[in-house]
């Protein structure tokens, strides 16, 4: 496999790379390890005994999770989410209605900012209005980008944890997206690997905040794989 | 008693032990030229195979000319063939060891090596045949960040486990059995070989303690290997028997496969026997009587195989499974019929030539026959795999003209090259005749003669 | 008083066994049967039997290995099938016994063999550093060596016995000093 | 993706970018900061990324005019579905589905082409429009416009334009026209296209009318067919009998498929009529003249002329007697002969004899806007156009929605005649055969980018006007233009004050429809609301349609059918140029889906073939895959043989639509074009080209190929189920009936 | 695991549909008397599921990728002149309850979902093709080539038509009809948000939606009011039987429902209704 892997690279459509590649790119091995050692007792023992296998396969490295992404406009989440305390879904308005949460439309930013003269001359805001005048979308970079064979449904998670369980929105979104209050530009802090998803999907959660009835996430391959 | 004298000896019992060392050790230093020709030939075949594989890897399995009904082809057929090859090694080294048939001693070492290497070759085919072989690690049961385990219900996974077990076990068996010989090499070699063998010999000194434990453990492993070998090919058989397809879904497949395996294995041993005998000047040790014994063994197994073969046909013919019956008829009359009849002829009729002493004692004849038998066995595997695909349950996809492309053939050839390379390297590095055991053999014969003499006096 | 090791090389097993027999019967002081070692190119149970029964305990480990393989194998397979990812396949149970038995069987053999080999190495004291100089490449060829460890005083007697059974070669070394260092 | 203008495209439809990469290019692992995701600048409130929106429009793939709903996701049209509000009742055929591939076709023209120095060179639209104006300055009658069938406002503009140039030469050409049928129905029923109620018939006898696959409005008829076949204890299951030389899809679904000698359908029909009219119950249905006229067509004569056994004849007769109401349909294979009109008349006569008229054959509603009414094409148009060219009467020629160079038979020499015209303009989507002859080639918007109104020729339920509206932004905003806009612009040049109030075609449509919205069923009072409804429903039902009545005039029939042609030694076979629903007249040949979809009857793909009966083939020593040469007096084609039991033994069939020399990567060089070898036989009364009247000879060549088809087995095997229960068949009288729930 | 051991030891189908599938069991009923073989379903499937067009050469090698195919058989009796027309058969993945393909996959890329579908996880597939060799209907299709990339099955701008709800499969991956699972998923998600189950007719597959004669009926077998459920009950076809009661005594009252190769005990989820021909004609 090692000999052949260089050949493999030229196959852009291949929908899953060896884990060693992923691991090499950015390690979230601590969480990976946690994923391993949860579950049946024997799997636990087995995992410990075979950790060296694991490490060889998904290349353990001590790189910190998440990496800064260059964005055309350094959107300050800290100001909006922390200082202003704006609900995430005020801007990411599609999250509760669709699979994708969506980058807020430019209109949204302008809607408020044209009535906030105090910050109009800040460089970022200037840039923003430049785009608006050109009627061009801001070419933001995707920060949390699942592989395209994964169907992650924002609507379902928001419905379950925000609307039914009535958890605070920052907690609900933050579970996967990290504590945005502390970021300017969003960073990927969680591994978002299959094992990580499973670690949560196999837990029992309350159905809603009224009843004590619980249930766990779907176990059906086709719920997350497309 | 008298016939003990008359019977020609399968090994000279007055041969000096030192001589044995000399003869065998020289095989490692300077073989006949034929060795190097064979080596080059194997190399070429292997190169062809690699070329085809790279092409197939880059473009996709389509170039092997598979299609919707014909999902598998020569790869799986050859896979079974190589697994089958491996069994005779175990037969000679383990089974005959347990029943104390000591004529095995000069030849079991290379047979055992054959086991190991044909298993390696078979393993390659599993990977070559995959659509996304770079993902093969998905099939390994290791704890991973996906949290997904392989499917332990799949016969393919049993295969993997069984083959891995078999491969490693027979490797260990081979190695353990060779330790005393490594000691001999150590004591006689110079230069890098000295260090090489020193490491391998693990400081064997032939003390009674070492010999004692050696004897016990060697026997134990042998006992393990026999059920293992049987289980391995039964599991390979269950790849087919446990599926639902007409012509595969047959209860008698496991024994049938095992018999076929031993059969092709014995044939292969004859081939290699003759080659080694020539290239390494082993006339003293790989003697005609031994060849004669193998030939008889082969004939016996051939008859077992024939019997099971007919059982299979009969059970299909007289059963009421219309689909399976159609497949059988199509095998005998359809486009595959030449191969099918050839397989039956080579497998069941040709072995009868082994009844004749003249033929058994003619090296060239034996070489040709053994090769033909192997061909027959390979065809058998192909005839198990292909016709079922071309004439399955569903009439719309029944499609009789889909033949393997040059890529498939190339990779199959390559596998023979690969096996050849490994095997010859082995013979070059490890004494392919077990010296200490030949010594034992000679020693026991001497005792036997003494004992006889005493009897005579009395 | 210092202890020595003597190695006598004999041409064939008869000579060697006679020598051993005499050594045992000669009931020399401070000569223990356990201190007699045979070094031979091939295994030879009869001669070894002269030295009384000595243990070859590998089989015990084999049993342990096999049992371990079977039990752990099954537990592992069943638990990994039963973890959350498990989904029904072909209407079969999620933890189906027939396939698991096949795999258990294989794992049993696998561990059995591995442990046996390990046991062999351990029991046979391999890999060993050949520190004792009392080894002769002839042993791996065709001569049988009998090695005796004994006190200085009866060493000569031993040598005599060896010569009486026309040993081809007699070597000796002192193990005394080594012991004192320890 | 298409770099041409993806950027601008994304400006408006931002999320397109992201989802394109999502759909197209799989990324292998959890990325961060690799893909760009572009948000909307100003989204409409109903647009949610990740959720598809459906827009109503009209399918223009065939003359059926089905309403469609297009699924749009992030600004890209992904899939077409049938609209439940139109006669196709939410269904859509494969050809309709494939319209997206016309839209996204890699071979679509992206810029105007002008012939300079013999070759077509890219040019600008300004340049092109300027040329159009210049070349049409004062051409008067030297101007000709050859178009395909038209309806709705495009037809209005087209006529106005041609008139404004002072020309009368507007030719409407349809290579697969069923003009004969229409004119005969005109005589017999008094309407060109009556309504057929298959679902109400107990028995349908179709003389080669492939109504399930290619005839008039296939999807609508299929929905009717479903009801027709349903048996419950209130209604018996309808029986379908198909009489034709080559088995069509409809024939394949018939309870009884009767192969008949081509051209003798009329005789067979008269035979039936004659036999029926022995029975007083039927005599009263028709004037005595008819009874007299059909006398003499007795069973023996019929069976020896048509080659249909008397036993089969009797069975059918019994059925006709037993099952009423029935419905008799006349199709192209009966009409495509010199005496086609008489065949058709004879066949339609049966409807009168059996008293089906008014029951299963009724009058359609009259279209209240005559200038918008569907103008169906014919092949006479091509002949006259061709003559005009030959005499050099035309100096400027416009062509739209036609490919005459491909569809015209060889004997017309159209390619050469076209050279005599001074300036040839083609409005098209592809660089097809005609484009290669034209001087100016103008790329139009695809049907999914354009506005329009359509009135289908076949109006089963009242009169419906279907709206065509863009399902997505133009792929090539600079490259392509809407013909409506173009015509408006040209008209403005001529009479500005009349047209200046409409900036573009869209506003013209909106204005025109809103003005007489009173004419439509339950239309909102408010103009804005009305328009909104119109677009969201995509269909306008004309209120209070004028009821028509069929003028039962079977007397108009004057039958003197020829006997069977004396067996032709030189050309022993009759050629059936069969129609494939996927290709029609060949305009859809560049759709990969259509090429890849196996032909229903033969399962052959990506090629042409000649169907020949196994017995005949055996006689001539022909195996499947042999390359045969099919030659008529006017040329020959070479293609592979396919042994096909569903064909009359003295007949061979070659499908139309393949054999393009240009048009695109998928169509070019695939198969052969039987249009070319048709003989100059014309229908006597209408002058239509008799498509089924060509006699050919079949000669075997030395070449042989493997036929590329979906069915398995070995070459030449007739594909059966090998005693497996795959497709089970039950006799109608055994079936247990269930009450419809 | 030991707590609910029995859960791991159950087999399907148990005979109690609601026990096997508490919420959904997607199933089909295809009326062969209504099917005209017009191929609309085939094209609809190409459009919905991003199926590559393989071209003539690969089609010749039998490497076509249509998930649903229209089969055309001839009658053995009147082989010279097929008086009863042809026999058409839309064949797609039968979504068997006890699917032979599922057990044999070495990596478990194909499993049985709680909705009674036979799921195929493209990303998990390593291409051993064991599933297809074990499929009695041969309705699984393998990507022999890298169609999107190397074979350029979608030259620009055709990729814009690709449905973003599914992946574009690359070489070495097995694929098959999914009952348009992406549509089912959307409908289920919507229903879930509204706190209900999917209603009959709310969602359907691309083939069923396009079929001009409505020969294909798709729906939830568990839903007592679904059309498909009614048809199955009406035709007395029981999902969990390998021989239907009505067939034991030769089906005297002429009920048309049957399942293809039922005797193989794969318990397919698609019921066909026998084609009807009038013997008087």
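In order of appearance the chains are A, B, C, D and E, and numbering begins at 1 in each one.
Note that a contact is a pair of C-beta atoms (placed from the backbone, for glycine too) under 8 Å apart; a residue touches a chain by one contact, two chains touch by 3 or more.
Just so we're clear, the structure is a prediction, and the values are computed from it rather than from any experiment.
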item: If a chain touches chain A and chain B alike, it appears here; value: C, D, E
item: Chain whose averaged C-alpha position falls nearest the assembly-wide average; value: E
item: Longest centre-to-centre distance from chain E, chain (CA-based); value: C
item: From chain B, the most remote chain by mean C-alpha position; value: D
item: Which of D-E and B-D has more C-beta contact pairs; value: D-E
item: Centre-to-centre distance between chain C and chain A (centres being mean Cα positions), rounded to whole Å; value: 60
item: Chain centre separation in whole Å, for chain E relative to chain C (CA means); value: 64
item: Cα-centroid distance, chain A relative to chain E, in whole angstrom; value: 35
item: Chain centre separation (chain B, chain E; CA means) in Å; value: 44
item: Multi-chain contact sites of chain C, meaning residues that touch two or more partners; value: 76, 79-87, 89-90, 92
item: Numbers and ranges of chain B residues touching at least 2 other chains; value: 69, 132-133, 135-136, 147-149, 151, 153, 157, 393-397, 399
item: Per-residue overlap in chain D, given as positions that touch at least 2 other chains; value: 22-23, 26, 711, 719-721, 724, 726
item: In contact (per the touch rule at the top): chain pairs; value: A-B, A-C, A-D, A-E, B-C, B-D, B-E, C-E, D-E
item: Residues on chain E engaged by chain C in the complex (per definition of touch); value: 1, 7-13, 96-103, 105, 108, 110-113, 119, 267
item: Interface residues, chain D side, partner chain A - complex; value: 10-11, 14-15, 18, 21-23, 25-43, 48-51
item: Touch list for chain E against partner chain A, complex; value: 1, 111, 113-115, 117, 119, 121-124, 146, 148-149, 165-171, 173, 178, 181-182, 185, 189, 192-193
item: Complex interface listing, chain C residues touching chain E; value: 78-79, 81-83, 85-95
item: Partner chain D, residues of chain A touching it in the complex; value: 12-17, 21-22, 25-26, 66-67, 69-70, 94, 97-100, 102-107, 132, 135-149, 188, 191-193
